[in-house]
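Order of writing sets the labels: A, B, C and D. Residues in every chain begin at 1.
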C-alpha cells in the first residue's frame, strides 16, 4: 500500500523483529508472560530502591548499594526502551504514544541526576509503567472496570468543570474576605495564602497550620465549612447518578431486533410492531403483518 | 406600544446604540467575540494583580506597578460600565439586574480604597463577572449543566433547610455541653466558641486549634463525630436520589399520545406507529395509515 | 363515653380551657399564630442570651442584664408550661410526651443553677422547642421532608447498627494495636485514648492532637485511613440506595383501581384484567368482561 | 459412611457431647441462650478490663484486681475453648475455622504476656467473638444486612482494587514530588514520609503534623486535595450504584411465567391471571380457567 523503506515481513530481519515484538509487547506466549513478570518485579524493586534511598537511616548504611541498584535498573530499562524502539515498525509513533513517553520518562531522571541532584527521585514515575504490565494477569475485567470509571468521569466532565470553576471563584472571594478579616497577623499573610487555607478548609482536610482567630473569622469559617459540605455532596451525587444511569442503560437490554420493513432497531422488548414504519416485528423468524 | 422619550430605532443615535449593544452584550459577531475575549483576559489579569499585591515579597518589588495596573483596569471597567448603561434601553433595569450589580461592585472597591485602606481587595468579586463572558466559548452545555445542578439543589432546598436546622440545633446543644464539660481552661472559652469547634468537628475538618482534653470530653467528641458522619451521609443520599430522579424524568420523555387505533398510550417520543396495534400515530392531528 | 370528673364542654370553665388550648397548642387562629410567633422569638432570644453570657467580654459588661433576661424568660416559660398543663384534658399524658418533657427541661436549668453553678447553660435545649413552633409557618412540606428523612433512616437502621458494631470493633482492635506500637511516650497513653484517636482518624476529622510518630505507626495509620474511607463510602451508598428506593416506590404510582370482581387493588397501570381473579378492570366506569 | 473411631450417636458419651454442643454452639434452647448471654457479658467485661488496665490512673489503684479479672476470664475462655474442641466431631476442622482461630487468639495473649510484656493488650481481639454471640438476639435480619453489605463490597471488589492501585500510584508520585519541592527541612524527611502525608491529605484527614511551607508546595497540595476529592467521590458513586442495582434485582423478582392464553410474560410474582388477556396463570403445570 505504501513504499516504506523497511524490509518485507518475510525477511529474516523482520521475523527477528516480530519475535521480539511478541515477547516485549504481547503477553500471550510463555516468553512474553515471563518478560512481563520480570518487568513487573523490576519496576516495583526499582521504585522501592528510590523510596528507601530517601530514608536517612537506610541511606546511611545502604546508600551506595541502592545507587548501584538504581543504575542497574536504569540500564536495563534503557536497553528495553531501545529494543522497543527497534522492534516496532514505526518507532516515532511509539515514542510519542502515552506509554512511549512514560517509558522514556522512567529512565531519564537517573541521567538527569548527574547534572541536577535529586532529580532521580522522579524515577517513581516508573510506577505508571505498572499499568501496562498488569495485563499479564489477564485482568481484562480490571481494564473494563477502569474503562467504566473513565466513561463515567468523561460523561460528567462538563459538570466537573462547572464545579471546579464555582469552587475556584468561591475560594478566591473567600480568600480575599478572610485576608481582610483576619489579616497577616493571624496567619492569613496574603490572598493566595488565604486561598490555600480556604481549599484546605472547604475540602475538610483542616491541617490546622492556619486557623481563624477572631470571632468574625470563625463565623465566616463556619459558613465556609457548611458551604464546603455541599461541595462534597454535589459532585458525589452527580457521579452516583451518572454511574447508575450508565449501568441502567447497559442493563436495559433493548430488543436487538431489526425491523424487516424499515431495518431500524431500538424497539422495546414488548413491542409487536415497528414503531417507525408499522411493519410487524417477528420474534421467531416470521413476520406478523399489521 | 409605549411613549418612551427615546429616539426610534432608525435614527443615527439608536443605530449607534444597537451597534454597541451588539458588541458589548452579545457574542455572535467577530467584534462581540473579540470584546468578550479581551474582557475575559482583563478580568483574570486584574484579579491576579489584586492577589499578587497582597503577597509581601511581590508587593515590595512591584507594588507601584500593580497599583497602576489596578487603576488602569478599574478605569477601563468603569468606561465599560458607563457604555453598558448608555447602550441599553432601560439603564435602571440593567443596573438593578444581577449582572448589573456585579459590574458595579467590581469597580467600586478601587474608589473605596481611597477612603478605606484594604477595601480594594474586594476587587476579587470581579471573578463573578467571568460567569458572563464564558458564553464566548459557546458553552451552552455548561450552562445546561449548571442549570441541572441548580434545579437539583432547588428541588432539595426544603430538605437542605430541615438539615441545616437540625445541624444548628445539634451544634448549639453540643456546644453548651462541651463548654460545661471542658470549660474555658481547655480552650472552650464560650458557647459560641464551642459551637465553632462543634461545626469544625462534625464536618470532619478538625483544625486541631481546640481539642477536647478531659476523658469525658473525648468520649462526647467521639459520639459527636459519629453523629457528624450521618450529617455527611444524609444530605449526600438526598441529593444523589434527587439528581437520579430528575435525570430519569428527563430520560423518560414518553409521548402522551393515544393511539387512534387501539387507544393505548406509552409510546416513545420518536414513535410514528403504535407499538401495540401498528396503527399510525398522528402528530399534527391527522392519522398516518400504516 | 367515660366517667371523667372533668366538667362538660359546655361549662364556662371548659370553654376557657378550649379557648386557651386553641391559642397555645394550635396555630389556626390569629391569636394562636401570634402566640407561636412570640414564642419563637422568645426561644431564639433566650438561647442567644445564654450563649452570649458565656462570652467573657460580653458577660463583663452585660452580665447582670443577661441574667435578668434569662430569669424573665424562664418565668414566662414556666407560666406557659403551667398553662399548658392546665388546659389539656390529661396533663399527665402531656407531661410525659416528648414535647412535654422538652418544655419542662427547657425551664429547669435556671432553677438548678441556684444550686449547681453553670447548670443554666443547659437552657440551650430550649432550641428543641423550636421544632414545635415551626408549624406556624405552615411548613407542612418541611415536616414531610423530615418524615421522609426519618423513614429512610429507620429503614436503614439495622444496617446502621451493623455498621456501628463493625466500627466499634475495628476501633477497639486498632486502638490496642496503636497503643502497643506507639506507646504512651508518643501520646497514645491508654487504649481508650488510642480509640479516641482511631475514631478521630477514621472519620477523617484528624485533629492532630495525637499523631503517629514511629514509621510502623504511620504505616498502620495509612491503612486505617484507607479503611476509614470505606467507612464513609459504605453507609453513604446504603442510604443513597434506600432513599432512591423509597422515592421510586412512591413514584411508581400503581393504579388505584379496585377490581370489581374481587375488590383487590395493586394492579399495574397498563393492566386490563385483574391479576388476582381475571375479572376485567374498568377504566371509564364499565367492566370489560374476560 | 466412614469408619471414624468415635462412638455412635446413641452411646452415653455421644449424648453428652450432643447436649454440650447444643448449649455451647446453638442458641435455640434456654440453656444455649443463657450460655450465649453469659459469654456476651464475659467478653465485654474482659475487653473493658484490658482497656481500663492501660489507663494510668485506673491501673494505679485497681491494677492487681484487673489483672486477676483478666486471668479469671482467660481461664474461663480456655475451659470453654477446650469444651468446644471436645464436643465437636471434628476438632481439627473447628480449630482451623475462622471462629476457631478467633477463639484461640482470644486466649493466647494472656499466656504470651508471661514472656512478652504488653502482649496481653491483644486480648481486645476478643471483641471479634461478639460477632458469634449476637445470634442470641435472633438478629437474623442483621446477618442478612451484613451479607448484603458483603455482597455489594464483593461485587465492587475489582473496582476497589483498580481504585487502590490508582491511589497508591498517585500517592507514590505525589510523595516524591513533595519530597523534592519541600525537602527534609520542612518535615518531608523521606519519600515514605511524604507518602504518609499524601495519604493523610488526600483522605481529608489532615492531621497537620506535616504541612507544606513553600508557596509551590502549597499549590501542589491544593491540587492534590482537589484530586483527593475525586478519590472520595468515585468509589462512593460506584458503591451507591452497586447497592442500588443489587437491590433492584432483588425487588424485581418478576415471574418468568408465560401466559398459556396469549403467551405473554412479565407478570408479577403474585399474579394468578394474565394481565393482558385474563387467562389463568398456572403455577404447578395446570392452567386455572378464569
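In this text, a residue touches a chain if its C-beta (ideal position, glycine included) is under 8 Å from a C-beta of that chain, and two chains touch if they have at least 3 such contacts.
All values derive from a computational prediction rather than experimental measurement.
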Interface residue identity across copies chain C, chain D - same or different by half: different
Of A-D and B-D, pair with higher C-beta contact tally: A-D
Selected from B-C, A-C or B-D, interface repeating A-B by over half of its contact pairs: B-C
Between chain D and chain A, distance of the C-alpha-averaged centres to the nearest whole Å: 31
Separation of mean Cα positions, chain D and chain C [Å, integer]: 30
Inter-centroid spacing, chain D versus chain B (mean Cα positions, whole Å): 43
Chain C: positions in contact with at least two other chains: 192-193, 195, 204-208, 232, 236, 240, 244, 270
Residue numbers on chain A that touch chain D, as the complex places them: 47, 50-51, 54-56, 118, 121-122, 124-125, 127-128, 130-131, 134, 141-142, 145-146, 148-149, 152-153, 164, 167, 192-193, 195-196, 199-200, 203-209, 232, 235-236, 239-240, 242-244, 247, 251, 270
Contacting residues of chain B [partner chain D, same complex]: 204-208, 236, 240
Interface residues, chain C side, partner chain D - complex: 158-159, 161-163, 165, 168-169, 172-173, 175-177, 179-180, 184, 189-193, 195, 201, 204-208, 211, 215, 218-219, 221-222, 225-226, 228-230, 232-234, 236-238, 240-241, 244-245, 267-268, 270-280, 290
